[in-house]
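Structures follow.
First subunit A sits with subunit B, and in the next complex the same chain sits with subunit C.
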Partner chain A sequence: MLGKVLAVRTVRLIATLFAVSLLTFLLVEQLPGDPILAILPPGGLDDLETIERIRKELRLDDPVLTRYFRWAGDALQGDLGKSYITDQPVSDAIKDRIPVTMELALLATLIAAFLAIPIGAISAYREGGYFDRTMSAFTTAALSIPGFLAGIFFIWLFTLKFNWLPSTGWNRITDKGLLANLQTAILPAGALALAPLAINARLIRADMIGTLKEDYILSAKAKGLRDRYILMRHALRPSSLTAITVFALQLGGLIGGTVVIETVFALPGLGTRLISGIYQRDVVMIQGITLFIATVYVVVNALVDLLYAALDPRIRRQ
Partner chain B sequence: MRSLFRSFGAAFLAMPLVVKIALMWLIFIVAAAIYSRLDRLFGQALPLQDPFYQPFLFGEARPVEGPSTAHYLGTDVLSRDNLARLLHGAWVSLIVAATVVSFGLVFGGFIGAFVGYTRGKVETVTMATLDVILAFPPLVLLLALVAVYKVRNLTMIALVFGVLGIPTYVRIARASTLGVAGREFVQAAEAIGTKRTAILFREVIPNIMPALFAYALINAGYVIVIEGTLSYLGLSVQLPEPTWGNMINEGRRDIRQTILPIFWPGLFLTLSVVSLNLVGDWLQQRVAVRSSAL
Partner chain C sequence: MNEATTTARDEPLLSVQDLRTHFSINAGLLKAVDGVTFDLQAGQTLGIVGESGSGKTVLSRSIMRLNLGNNVETSGKALFGGKDLLRLPMGQMTDIWGQEIAMVFQDPMTSLNPVVKIGRQVSEHVRKHLAVSKREARGLAVELLKSVRIPEAEVAIDSFPHELSGGMRQRVSIAIALACGPKLLFADEPTTALDVTVQHQILNLLGLQQSERDMAMVLVTHDLGVVAGRTDEIIVMYAGKIVEQSRTRQIFQNTSHPYTEALLRSIPKTDQPSHTRLAAIAGRPPNLITMPSGCSFSPRCPYAQERCFEEEPPLTVTKEGHATACWYQVGTEANRAAWDKNLAAGRPATLAVAEGQVIDEVPLDIGAGGA
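Then we have the complex of A and B:
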């Protein structure tokens, strides 16, 4: 049964990836006008030699689909082309910068999980109470504040007002150790964590309110078990399936969400490279990074789907 | 007409206080955005300062002033009036959000209802196509799209947002249509031989609209955040046209002296999104109650 599900999902995943890569390619390639104009750096129009070189290297006179399949074929072998601005291979740029982006996304997920579970659980336990209402206001606010604004606010508060943490820059774990690394990572990760934190706290609360009304909770209470024990042992466990799924789903989204946060904090991540690629109109770089982020997003989502199917027999049957 | 007003009034009175305040803030923003463009529409000067006028060139004001009677919310990096720029920025957010919502409700609503009601191959192909667009992280897709345009004006940004917003609306419209299509009143209409187009427009679409509209409000808040993010990165409507996002970006230069140039657009942005979420949540709860009661 699971094997069939696996096969269907894999075929669907491959089809989606194919479509995503085609769209990424066409998006940047099929613009009005000569693509060479988009590729050339400002003022490069007089440089006939470069124009000829780019034209040859990209084989721009080939039909679009031929070029797409060549690009996609290379991409499958890990070659996403070379930037025309910096001459750096796109795959090197990704390899160089993905650790920062991954760490931010993971750290944000951790922060969101560590705070959302207790907030959600206590809010559900004291439904309608003072804590619940305060947290409901907090989650509404956290959901509405754009990530970049939260980031700027954190910089203003923790760096300029209190002078606790550095505002920009990045210490690599390998260079300066974990503590120095966390000093530079905590603010951007915190800004990034706000939205998933709010969503998760709300979901866990709603889920727990349902769970707490179950008969087995009542019987646990009747047995005289302590409230805290019931909350941790009996109520949290069935809700954790929802929580795990949501956390995993958000991880994919966060890899896209780090783009702007990295820019706010000037971190050497994948997002800043994408943005600088956009500013420089570096077509190859934009295509490569967009394809990479979209692929990670699609694959993570597919894996979560599968994990969920494996964990929950009801979904497996569909 | 009178009863319409009365039912609006009744609905307004039934709202919790926060939702009332949120709704009033939204009305204020819409009114302010329209007001800021009245001079362009009617060619008449308004009692609102010119958002592009730089008084420091004439010794009338300094950059990054605090609030004063001459400039109620102070001045920005180039000594332009913050309030005037905020209201002009409201117009950008309003137009982008309104475009996404109307594209979503009209095209998304129709396509979703159509494929959800007729089913078959058209449905499979449409949904598979839309899934590709939804497979991208939204911000990244938008970045890749706007990156290729050399000139970015409000029309172009609004259109890109509007088109990219449609898939989600199709999904929601289709899902609600699947629920509506099996209900008794649709079966009854089919039984008495009503044309399928008539059923689509008279039975299905009116019944999926409340849910779609509640989503539209929350979606509008999301769109405003995304537009603000693009603006902040300098990839939305171009300078010198003020947007809340690019005002925040410009304000960062003087963050060591004062946070006010960031605070005002940030406040407007956040309050608008909070308000849309609150009103949207409230509406969603009411819609849910109503459709479950049916």
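Then we have the complex of A and C:
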């Protein structure tokens, strides 16, 4: 039974990855401008012979599907190609940049989770009360402000006004230690966390309001258990299933979301590399990084499914 | 189960006085419980009977202060051991809940938390109330599950509710309610959600535990058949009010309210073939927001006379303590006259009962031959 579920999910995962990679490849192909132009040295535009030679070397004249399968086949073996411009292998660029992006995404998830759960739970417990109304205003604001604006606001508040934290740049844990690292990570992660924090606080609140109306909450009350215990033990657990799913789903999205935030804070992450690739028409780099981000997203979502099944005893049994 | 408690006669364990619970909803003020008064002695069993919607659940939850929402208004008194539960600070209520008064809910599918193991659900409040250690609590959980006849209790404490059958789950609920040795147990339709075969086992279990522990019990049901022979006293509720109240035997032998009589007619009889249609009560319970004037049962009552539609009958008590709220009580001369008059006039509620009785009296073989 479980084996069959796993098989079905694996097939679905592979099909999704195929579609995603094809789309990535074709879309980037469609970017305006000939990649050759980006490679040529200044003034090389008239040198038709060189252009022709590069075309041949890169086999750019093959049919598009042929080139896709060649690219995808290499990618399966971990080879995402080399930048035409810097000659850097894409996989090296990813390896170099991913720690920053991952740390931002994870830190943002942690911040969102640590704040969203109590905010959602207390809002639900005191539905319509002062706290609930304040938080509802906060989440509305957090959702209507784009992440980069929040980032700029954070920089203004915490560096220009209070001068507590550095505004841009990145301290690697390996170089400067955890504390210095966190000083550079906390603002971008905070800006990144706002939207998922607001969404999750709302979801948990809605879910908890439903859970608190369940008979088993009333029967827990009739046993003389204290409200806080009931909230933690009986209400949060069923609701946390929803929360965990959403958090994990958002982790995939956050890796994409860091692109903008990294640019605002000038961080050496995957996002800034992708943006510079776009400016340079570095097709191979764009394709490689996009495929990587998309794959992470799809795989994380597949894992969430399994995690959900593992957490809920009712699902586990089916 | 009632002789031992004569000493406590004068001081009831629970004394409910003029209890009213009203909900403000969009349509108006819904009077779910409207002036209920009764006493319950320690160790005694009280049955509360009435159709669905008559206010039984709201009554029990009002006494326990478990009505949720902020649109509810409760007045009156519920004295428990001399203290008025309705005015007790919430901090003191949590000491009474589970420890002094416990409740078994209607549906064990929903009243147990689906993602918390049975063992914890049976013993978590014991740990809180009686300050026992985690290990002791586990042993206690096993003991409790054994006492409600759950096979392989050692295994059951580590399972989740969905792994048990409905009957087993209700046994777990009972174990939870009994865990701290309460003096009073509310069982709100404890068998309504269960198979017929399991119903008797659960009721027997409740009765056994109740007398073993000398615990008072309020058994709420829509089925008079459930309380027959299991309670000391019965309250019949209609539209949020008590319409008849007496010793159980009196309710069955000297039925005096027409509504009680109708409920008795609708008890499934075990000697009837299972497909026999029950004589249901004609009409529907009244809308609790726009109640009929006069007697609230009048639109459905086969004996209703002009007076019934105008004046509400008060609850009058005979010297034997049998209370009834009716102008034309069953078994009286006035009642027979009212019946004849309504039958002659062809009043639908009366005809429905008359025809039901005729069908009941047709011998079965003739009925089968005619079909």
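One rule holds in what follows: the second predicted complex is superposed on the first by the 286 of 318 C-alpha atoms of A that agree within 3 Å, B and C clash if a C-alpha of one lies under 4 Å from a C-alpha of the other, contacts with A are read in each partner's own complex, and residues count from 1 in each chain.
What we mean here is this: a contact is a pair of C-beta atoms (placed from the backbone, for glycine too) under 8 Å apart; a residue touches a chain by one contact, two chains touch by 3 or more.
Because the structure is predicted, anything quoted here is derived from the model rather than measured.
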Next on the checklist: For A:288, using the defined touch cut-off, is the partner it touches subunit B, subunit C, both, or neither? Pick first, second, both or neither.
Outcome noted: neither
Checklist entry - What is the contact status of A:226 with respect to subunit B (first) and subunit C (second): first, second, both, or neither? => result second
Item to check | Touch count on subunit A, higher of subunit B and subunit C | outcome: B
Item to check | First, second, both or neither for A:257, with subunit B first and subunit C second | outcome: first
Checklist entry - Is A:81 touching the first partner subunit B, the second partner subunit C, both, or neither of them? => result neither
Checklist entry - Between subunit B (first) and subunit C (second), which does A:190 come into contact with in this model arrangement: first, second, both, or neither? => result neither
Checklist entry - Touching subunit B and also subunit C: which subunit A residues? => result none
Item to check | Interfacial residue positions of subunit A with respect to subunit B in the complex | outcome: 15-16, 19-20, 23-24, 27-28, 31, 38, 140-141, 143-149, 152-153, 155-156, 160, 252-253, 255-257, 259-260, 263, 274-275, 277-278, 281, 286-287, 290, 293-294, 297-298, 301
Checklist entry - Quick one: in the complex, what on subunit C touches subunit A? => result 64, 66, 68, 94-99, 102-103, 105, 107, 110-116, 120, 124-125, 128-129, 160, 162-163, 173, 176, 180
Checklist outcome for this item: Contacts from subunit A onto subunit C in the complex sit at residues 213-216, 218-226, 229, 233-234, 237-238, 241, 312-314, 317
Checklist entry - Residues of subunit B touching subunit A in their complex? => result 128, 131-133, 135-141, 143-145, 147-148, 221, 225, 228-229, 232-233, 235, 248, 252, 255-256, 259, 262, 266, 269-270, 273-274, 277-278
